[in-house]
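Two complexes follow with chain A in common, the first pairing it with chain B and the second with chain C.
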Partner chain A sequence: MRRSLSAALAAGALAALTLSACVPSTPEAGGGGDAERLTIATTTDVVNFNPLVGNSRTDSWVTNLMYPHLTQIDAEGQRIPYLATEWGYNEDGTEATVTIRDDMTWTDGEPVTADDVVFTINAVAEEQFGVVAGLITALESAEAVSDTEVRFNLSRPDGTFLDSVGFWMPIVPEHVFSQAESVQEFANDSDWVSAGPYVLTEADRGQRYVMERVENFPLAPEGTPAVDEVVFQIYPDVNTEVLALRNGEVDVIGNVLPPSTAVSLQDAEGIELAQVPSLGWAHLQYNMEREPLDDVRVRRALAHSVDYEAIREVALQGFAESTGGSTLTPTLTEWYDDSIQEYPYDPAEARRLLEEAGVTDLSLDMIYDQADANISRWAPLVRDSAAEAGITINLQGLERNTYISHADERDFDIYAGSWAVMDNPPANFALAFGTDGFINYANVSDPELDALIQEANEALTVEEALEPTQEAARIIHDQVYDNVLYVETFNIAYSSDWTGFQPVPSELLGIVHPLSLSQVRPAG
Partner chain B sequence: MNPSPAAEVATAADELTSSSRTWRAFRRNPLGMGSAVLLLALILVALAAPLIAEYPRGYGHEILSPPSAAHWFGTDDVGQDVFAQVVWGTRISMTIGLAAALLAIVIGLLVGVLAAYFRALDTLLGIVIDLFLSLPVLPLMILIAALAGPSVTTLVVVIAIFSWPEVARLVRSAAMAIVPLPYVSAAKVIGGSPWWIMRRHVLPGVAPVVAISVVLTTSRAVLSEAGLSFLGLGDPNTWSWGTILHRAQQSGSLATAWWSTLFPSLAILLLVVATTLVSVAYNDARNPRTR
Partner chain C sequence: MIAGLRFIGLRVLRGLLTIWFAVTVTFFLLRLLPGDPVLAVADPTMTEALRQKLLADFGLDQPLSVQYVGYLGQLLQGNMGVSFRQSLPVTEVLMQRLPWTLILTGAAILVTVVLGVPLGVYAATRAKGFADRAIQIGGITAQSLFVPSVGILLLYVFGVVFGWFPIGGAVDPDATGFAATLSMLHHLVLPCLSLVFIQLGSYVLAMRSSLIEVLGEDYVALAKAKGVSPRAVVWKHALRNALLPTTTLVGLQLGTLVGGAVLTETIYAYPGIGRAVYESVGQLDFPVLQGAFVLLAVAVVVANLITDIVYGLLDPRVRTS
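And then the complex of A and B:
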């Protein structure tokens, strides 16, 4: 009976969607701050409408507005409720439980239940795809205890499990996604069903993506988002996006602004800048499989040969914060350790260390993504300051895919890049610095560090995990397993016709996330 | 077309060699001369870059400042002097342009002359030339440059690979007109080897075409280099005009800092216009009908 009812409802929703698609779309109004439409500029298309697979910025922005996560983060990077209202572990850390809201429904009328959560995580665990798969290696099984309670059985104590799943895993509707043979291959490119603040109704590749308000979104201030329609409009690059914002064609530039653009827009009339810190960091990694980079003195010499202040003040125009060289960044206030100090820029000390290590005429290749505007700007500064210390660095600005394959194959001397989102230090350290870690680009293999990272991962609370994590960060800094340059402060531009955005860390979320867009409203 | 003045000129210039006659006609063309002077000036800038401006490196404290007495072309988004970048860019842009053009000319000359001399090869080489001419050049250049990794050598080779067919076709048609001439047949009859005939009789015949090709291919190569560098496929360890444009575009300061793109663009424009005018003037001067 329930099945046929849902089928009827789905058919009804389908008919409604088809009908609304027939209605001629309203002419391009954009801007103006009316409650009818908020236009967001972006530079990329939605590549994948399946939220479990997609990974471009626009993919996440659009699908995040439709598929709820268990938790979201606040301005300090801490987890706050979204679909989940409570979460925790049992005593020995082998069971994680989550209680979810009972008042959320999919736009086709089906309630969002614990079954959807179980279905999603099981699909990811069975088919092993996307970001989430790598974060749930401890998962043994998941079960719905009731409509609003989920229990995850873990094969080992894993205190990072709920944080990671809560942050990364979008919950998809079982009744829609289960129709496909493989969830991973489900395209989800029409008749979208949403439990977020907006639902996608129209997708014009290369043009725009139109999302309509969902009437019942309990997390919105009055139970309904204030804006009728959110439109993602595609522009070729950030220069044209800025022109469009100046002309009032768009209300928000989703992409973060390059620092020099941010400076030029700081005093622009009618334009506001929201500043959010990155959840990741920009860094240099030295390939320890290659001589003489396996010698810590050489790595320290390299660390002393970087003019960090110049990179932050000139290349980033001051929109960057020092972490003290630590991999625990000030963005995540509860983890930050301010006792770690950056290696001072000191070419003389670098020369002395090199001499001590018996290395002369050091010449290294540094790879980076030439399309990354910030790194392309500071890579020459790294080269020029290293030259002061007698170190030759050859820049290899590569096309993005070539760069990624070089990084994956650990085919470089120096890797210059940045992590976008490092939301949970113990889990991230295991990936980035654990022996055989997936993104352990520097080829770190340090038993002491591995033990600390494991201890931190098994701890069930931040308080317990803090000590081993901070000790791990000290070793990483001391051994220069990673040379952290800065945490970027992102500038996101929007029209002053709007107010109520909720900025949170990372360029992935910024001000274009469900909580923010369900609260935004015309100013004045 | 009264034949008598032409005959007069011919008699007056009888003692002069053909090249000095060309030179005399060229000198009378103000556009050609002006362009030649401009080209020489650019070459001079390229050679004397270290004397003109300090190599742009590191960073400066005046960021995106408009042109002034201290910075003639303003500064870019890390405070480097755009004038210095343009001066040093001249060097790399022209080096890549010339090197790519020479490589393209060598290949084009070889293929063109072979095709014209050996009729059996003509069909095959003709197809190869046509094939290369019909390729989508820019996407392929981008692909190869991206795969091979950015360096000056990569740029030279990539540009040359896609520039030689035009040279080959020009050379082939010029050589086709020479090969059937009686003196070539005579050379064959007296037993000259094909290699010797090609070197001695065919090559000098196509030299004027080649001279123009060198200039035009160079300017096209400079344009290609600027295009590739603008797309981020340039060598990040050197400065070229395209690299300056690329960095300006990437910094997001295109709309506000016009000076960061105007001057390198002007440099490219000047070079392309000058080379085109020089080759047109040379062609006119060489041709007795347009002299």
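And then the complex of A and C:
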């Protein structure tokens, strides 16, 4: 008995030792800059493999590499060809036509044709789901005129249609997705058939996603990407991602770095930072259905009570650009209007305006997402600079879902937040500042503005849309319908073993998008 | 025999009631959360019509009572519903995660018992000595620690400073065969130790006090009088009886362990149920959350049931009480 008990204890101790001993490490994923594998760190899983449904960051990165869009954007945010080579409207704007490439194929050998485009948009229109459904309200019908030509018939002139559909709608293979009873409910979680530069071959939830390059991707300089395999590896948070990059476990951190982390990596050996501007902006919105915020003098007083420079230089550590207070940001160069000037930080002027409006002891609640590291850093600055002007701002850092629901119900005095992707000003203005716009958080209702926004939406070219859009932006600034603080400069870290990334605006695309990853190659 | 069956029957009934209670509380708590699952998937371009459609798709347009009855009905048929976000059956989502949580918690229990019992015995046989005091202080301290603090500390020291262990994940997916097993153990060490750390104290202290008590019993004195060696007295005569309370502890501690696993898996990006819960909270994915809580509740109830029954078999007094 004694011997058997000792033996059992010894066995137990051995098991414990096995668990706690430092087991020799097996070959780690990634690192090294060889052309075999590029490892990208991310903090979230792919939630949904259906590109028309999924909307987490990792969902977009993975599915963007698989399903082509009609257009993509360049470093200036302008549309450039992807699947589509040409696009345009007829004279009265009721027909939009797109010509697509004839040399792209799905990974099972089937050609990518106009029928796939028609199938995709019809599925979204019929089942009404995902990002795209809200963008195609003008669509009446879609038809394939030939294998390479698609015609969209529109119920009204809509100059934002092609820009929006081109940017947001992934094209899915009809012969695969049509097998599902409902395209929306199709999980698409195995046997992937795609046409982008990489195809998903392995998905280990909670761990990693392995994608292999395709032999035929005509947009890559060599006709096929230079790297054999792209792997998305899951890490708990940005800090561990940075450690993994330093250790050489990963080659790219997909998530943008918080400003303080970016500063600490600026001079790190073997690490490069790609900088891309946001397509959105950070802002304060004042609820105009609440007194005295319906008075423009009060809103201007609030605009004069924000120390914009301090927010950009201190909270964002300089990784932020002023838009001049305009909702047309320098990121979209073709729309930008540099004649709009930021309200100077001037507490005395703020006090004067409040006095003129007859408002004393102004006390307001400001909601923000407490998990947003940037906003959590600048919210106290907004409060403190407002205090200089005699305005009391009560900070309400909320849990994310609570915050979203407050914003949705317009239950706040001041809303502090940021838009992630505002890719098309006329369309975005309609949503954010048009009466009844879905994200018109400030409750703006201005007939003159509505008319300008409508004019801009009906214009069929940027040249035609520019004047009404810039005029609308001027009104938004003048009336403080939105108080724009900055456009963030995102830092994306990667190993200097690699070169050839193509940075484009927004954290959604950054350097992890089809054009970039079909060109990246080992350095030297 | 009949008393035995009655005992088991009553315990099973109590277990079922506990599960029903857990299901009900989870169901209503989730719906009390501020925030709206539709908005969690929404983006700025969503129209009002689209939003209504999503609500209907999720079944959230129905009155709460209808949703609740529907959910219970579904559960009884073994159907946990479909994830709001993944378009996959919840059972499938959870089954991908379950093995990892079982490995993690199983290893943690194993290591805790294997280390805890000898340490407790060691302390008990040297009661009031220096080693005993040190073990007691250590045990109480470890018990009072918060899992994430331990997790982050271990991660920092052994993962970052020394670089001995990976900083996240469960296995190197490129490894195959024996290398894969090694890689799995390698990834398991830090999360497992974090859990062992917070649990070990309870086991050591329970083992110590019950052994001290047993060592004072008459039959132990008799064994000593018979000239049995001190070692044999402890390991052969006293330990068996002293182990009973420790057995119960496994069941009792399982709840703590499961809670700890959620936090540990989150810190180490360990792909288990805990990490799935953490992710689903942010996405307000009610079906996955409900499913995960049902699964965890069932696990805790079943473990307690087994402990109760085993204890009843070991100690007949429990059956009749």
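Here is the rule we go by: the second predicted complex is superposed on the first by the 496 of 524 C-alpha atoms of A that agree within 3 Å, B and C clash if a C-alpha of one lies under 4 Å from a C-alpha of the other, contacts with A are read in each partner's own complex, and residues count from 1 in each chain.
The definition used in the following text is that a residue touches a chain if its C-beta (ideal position, glycine included) is under 8 Å from a C-beta of that chain, and two chains touch if they have at least 3 such contacts.
A quick note: this is a predicted structure, and the numbers were derived from the prediction, not measured.
In the superposed model, A:260 makes contact with chain B only, not with chain C. When the shared chain is aligned, no partner comes close enough to touch A:190: not chain B, not chain C. Look at A:381: by the touch rule set out above, it reaches chain B but stays clear of chain C.
Touch criterion met: A:402 reaches chain B and chain C at once. Contacts of A:314 after superposition on the shared chain: chain B is touched, whereas chain C is not. Within the superposed three-chain model, A:438 lies in touch with chain C and out of touch with chain B [touch as defined at top]. Judged by the touch definition given at the top, the superposed model places A:243 against both chain B and chain C. Of the two partner chains placed around the shared chain by superposition, neither chain B nor chain C is touched by A:392.
Between chain B and chain C, more residues of chain A are touched by C.
In the superposition on the C-alpha atoms of chain A, the part of chain A touched by chain B in one complex and by chain C in the other spans residues 243, 399, 402. Contact residues on chain A toward chain C in their complex (touch as defined above): 1-2, 5, 9, 12-13, 15-16, 18-20, 22-29, 44-45, 47-48, 50, 53, 55, 128-129, 131, 133-135, 137, 184-187, 189, 202, 204-208, 210, 233-236, 240, 243-244, 247, 399-402, 404-405, 408, 419, 428, 431-432, 438-439. Residue ranges on chain B touching chain A, taken from their complex, read 57-59, 61, 63-64, 77-79, 146-147, 149-150, 232-233, 236-237, 247, 249-256.
Chain A makes touch with chain B in their complex at residues 237-239, 242-243, 257-261, 263-264, 310, 314-315, 317, 370-371, 373, 376-377, 379-381, 383-385, 394-399, 402. Within the complex formed with chain A, the residues of chain C that make contact are 33-36, 39-50, 53-54, 57, 85-88, 96-97, 100, 107, 110-111, 113-115, 118, 155, 159-160, 163-175, 179-180, 182-183, 185-186, 188-189, 192-193, 231-232, 235-236, 266-272, 275-276, 279, 282-284.
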